[in-house]
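Naming follows writing order (A, B and C), and every chain is counted from residue 1.
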């Protein structure tokens, strides 16, 4: 009985301490000669798989910028980052926190967390960008930007490549779409439905799968009956591996060309499905590989190995390292154009975001520019192919055209 | 009852009053003043946290009526919140209806959907009901995701800000008044519901539904009524959530959230009005604290990489388990004990 | 017609895997009357442990599998001893919610120890493809189905003939009477949780050998609930028959309903079945209907 009581008392004391310490800790931030940026990261929760390496990458990169390069234009960058747990309600409080704390711009990793933050940010003209985005965020363009081409752009780029380089037959190729049941799939679907007819592709009825699927034999049987020429999968690695394995079992693949959106073509896919199964699969990805020799690679590898060796080889780390480089470039442009004393979020958007012109992001992904009316910052992807267990690029940067989406 | 000594009541109405002494009224007034002036000294961030707490209290109060008072376990509460959120979003966005119409219809439709999925409760209870409510949530979310022409599907749907009689609730401060106002109404309603015939019937059903039926309580009617009221409040909370975030996607309503609501009730105390309030404040601040402290701890003490990711659910699960084992009546009971000891101090014997 | 054959075969084999998970649920329900909502999380954590043993430590498969079973036994014992036992004789609501708390805790523990969210388990099952008529089925699934059938027979026999099994059934029926007979009830609870964890571990190894280890295993746990609801909570036979029915409904229904409704209908079919069963026959096909007395 005494033990119980002791437990209770200590529990209550811990609780009380915790509750009182939160505001104190929160008040502890003090700014000197610093410029502030806010990161809303899905570090935990169901998307931690991507959020964690991305969070690590951008924080590592900021460390590099502050410690080795002395910040941006001589001013240290103060990073305010919060974990949104991939929870929209929390993301909505975090965007307020970031604005209250005086950050000049903000980023999120995922489109879902950006949509939860975007309304507030757009109302207050607080600029930010999402690393992975969905077409509805940047259409119509407001104060939210997209770092990478979205899942729709992936589809368009792949379809172009397929028509130009792979398709040999007569008439229209028949394309089956196997899509994940969230925005990853919906983006590809929106683009396919808008563009396929004009491009000369016949779309077969769309199949959809859940992230937790264990067998897609049934849906592939239906696809098989329609005799497609090409199968496009916009999904994450695990379901993609199931689909490709089942396609092999059913004898669809090899035979049909398989193309993947950028969420699917990662080293995890090869690990899960086995190198021999995914041999020859095509995919679209917006960044370079870990082995590519580009200027920013050396420092990135060094920091990754020193601070987060477990993320080495993870493509998301590259994506987010690039994200941090873009944040720095935006701040640099803004400081150069209006001076550090006049920095406001609005000034950063006008003289930072909108001044981006062919910034090469250390070669990590396609060049970043702002064009009037198109809030996508980088518009380029490359087509990759899996050969003997390696994901190797087979094209240079292909610019994905802006797709005329209409959202209400 | 917990009254200071020397207070006597000379009429039934006085005996039943919630606030009975001058001190009660003074404290209430103080609390209200404190709440309604808080936008003056809280920043947008803490106001938004307060708004989230308010919305969660409304939803948790609904679940408390259903589970705490009437004993019908629902693990699909987030699904019913989603029904309300989407109703309000679709009405105000696509049909450009006023916010109040959206709010009320959100409650009604969520309540109605809740009633349909509550029908099995007449024949089954406990685990069966828990599973059918989980199934309800999965089906609801699936429909929302696929009924693209109405709900926007996976692309989500933007929600215009709430507007009543020309006042648009855009800033966190103005939304705070809207949300907290409704929250107070809901708490007042819940507190009084528990003291009516309906409330007592709910408790009878919870304690032993067969016995209740024998005593002349129409089980079908009262169980469905509990589902209706519980889900109605979920719908109201959903509508407020939709207008507060400004953008909806079905991903925001997960089974995990439904479990969170159950956890809130357990921690706060089932079947008390004050319980959900304590539970919500506890859980929301705990989450806030963990997401603030965990990354710092991980980087300072060089903890393994999974620390931040795992600590949240672990602590939350542990809190539920520990409360169930050590304090099954929740924080509300603690509060009662505190009030009693305060009243009797220093002569507690 | 060719397609139907394929749908049926896929449905049956996938359904048998669901049955396997469902058996673990029935086991606990049958002997202690606790509804275990942490089923999926138990599958998840034992899959990750198997990954640790086989891929990270690199033990030979047989030794690794033994380690996993030992781990599952320990996990079951710990869960029962420290979480369920203090709650004996508490209301059913507490018993259900405590497993929800457990589910959260295990999920947190998994991401705490194994921060990566996807991993491939080394293949413990052969990978060939077998052709049945025009349909194909992977060897993995056939073996998984066979294992699940074997476990079902083993469990049924155990509950029917072994002393402990009979005691377990008796405990589920009337704890007080059993205690009066001098049977240690706590030991029975403990054992049933240990067995349930082993079943979850076997299911986890089979499933993650097929599809890799992901958070999705939790969701399969949810599907197993539809199996137990359809089959009846306290019937091994029910779970064994309902699994393939759910699998069939999922795959055949998906095959023919998708063109009529929205794509992805497969994922809600088990849950629609739950609702239908609740309306028509709430105690399932083989479940025992309890008559309540005041």
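Keep in mind that, in the parts below, a residue touches a chain if its C-beta (ideal position, glycine included) is under 8 Å from a C-beta of that chain, and two chains touch if they have at least 3 such contacts.
These numbers were taken from a predicted model, which means no experiment stands behind them.
Using CA-based centroids throughout, the chain positioned farthest away from chain C is A. Note on interfaces B-C and A-C: more C-beta pairs are in contact across B-C. Inter-chain centre distance (chain A to chain C, centres taken as mean C-alpha positions): 35 Å. Each chain gets one centre point, the mean of its Cα atoms, and the points for chain B and chain C are 32 Å apart. Those residues of chain B in touch with two or more other chains are numbered 145, 305, 309-310, 312. Multi-chain contact residues of chain C, defined as those touching 2 or more other chains: 111, 115, 262-264, 267. Under the contact definition stated at the top, the residues of chain A that touch 2 or more other chains are 44, 46, 48, 52, 181, 310.
The residues of chain A lying in touch with chain C in their complex are 44, 46, 48-49, 52, 179, 181, 205-215, 217-219, 221-222, 225, 237-238, 241-242, 249-251, 268, 271-272, 310. Listed in rising order, the residues of chain B touching chain A in the complex are 43-45, 47-49, 52, 55, 93-94, 145, 153-156, 158-159, 170, 172, 241, 244-247, 249, 251-252, 254, 282, 285-289, 291-295, 305, 308-310, 312, 322, 326-327.
Residues 4, 7-8, 11, 15, 18-19, 21-22, 25-26, 43-44, 46, 48, 52, 81-83, 85, 87-90, 92-93, 96-97, 99-101, 112, 115-116, 118-120, 123, 134-136, 181-183, 185-186, 190, 308, 310, 407-408 of chain A are the ones that touch chain B when the two sit in their complex. The part of chain B that touches chain C in the complex is made up of residues 67, 71, 73, 75, 117, 119-120, 123-124, 126-128, 130-132, 134-136, 138-139, 142, 145-147, 208, 210-211, 214, 255, 259, 262-263, 266, 270, 304-307, 309-321, 324-325, 328. Chain C meets chain B in the complex at residues 35, 37, 83, 86-87, 90, 92-94, 96-98, 100-115, 222, 225-226, 229, 233, 261-264, 267-268, 271-272, 274-275, 278-279, 282-283, 292-294.
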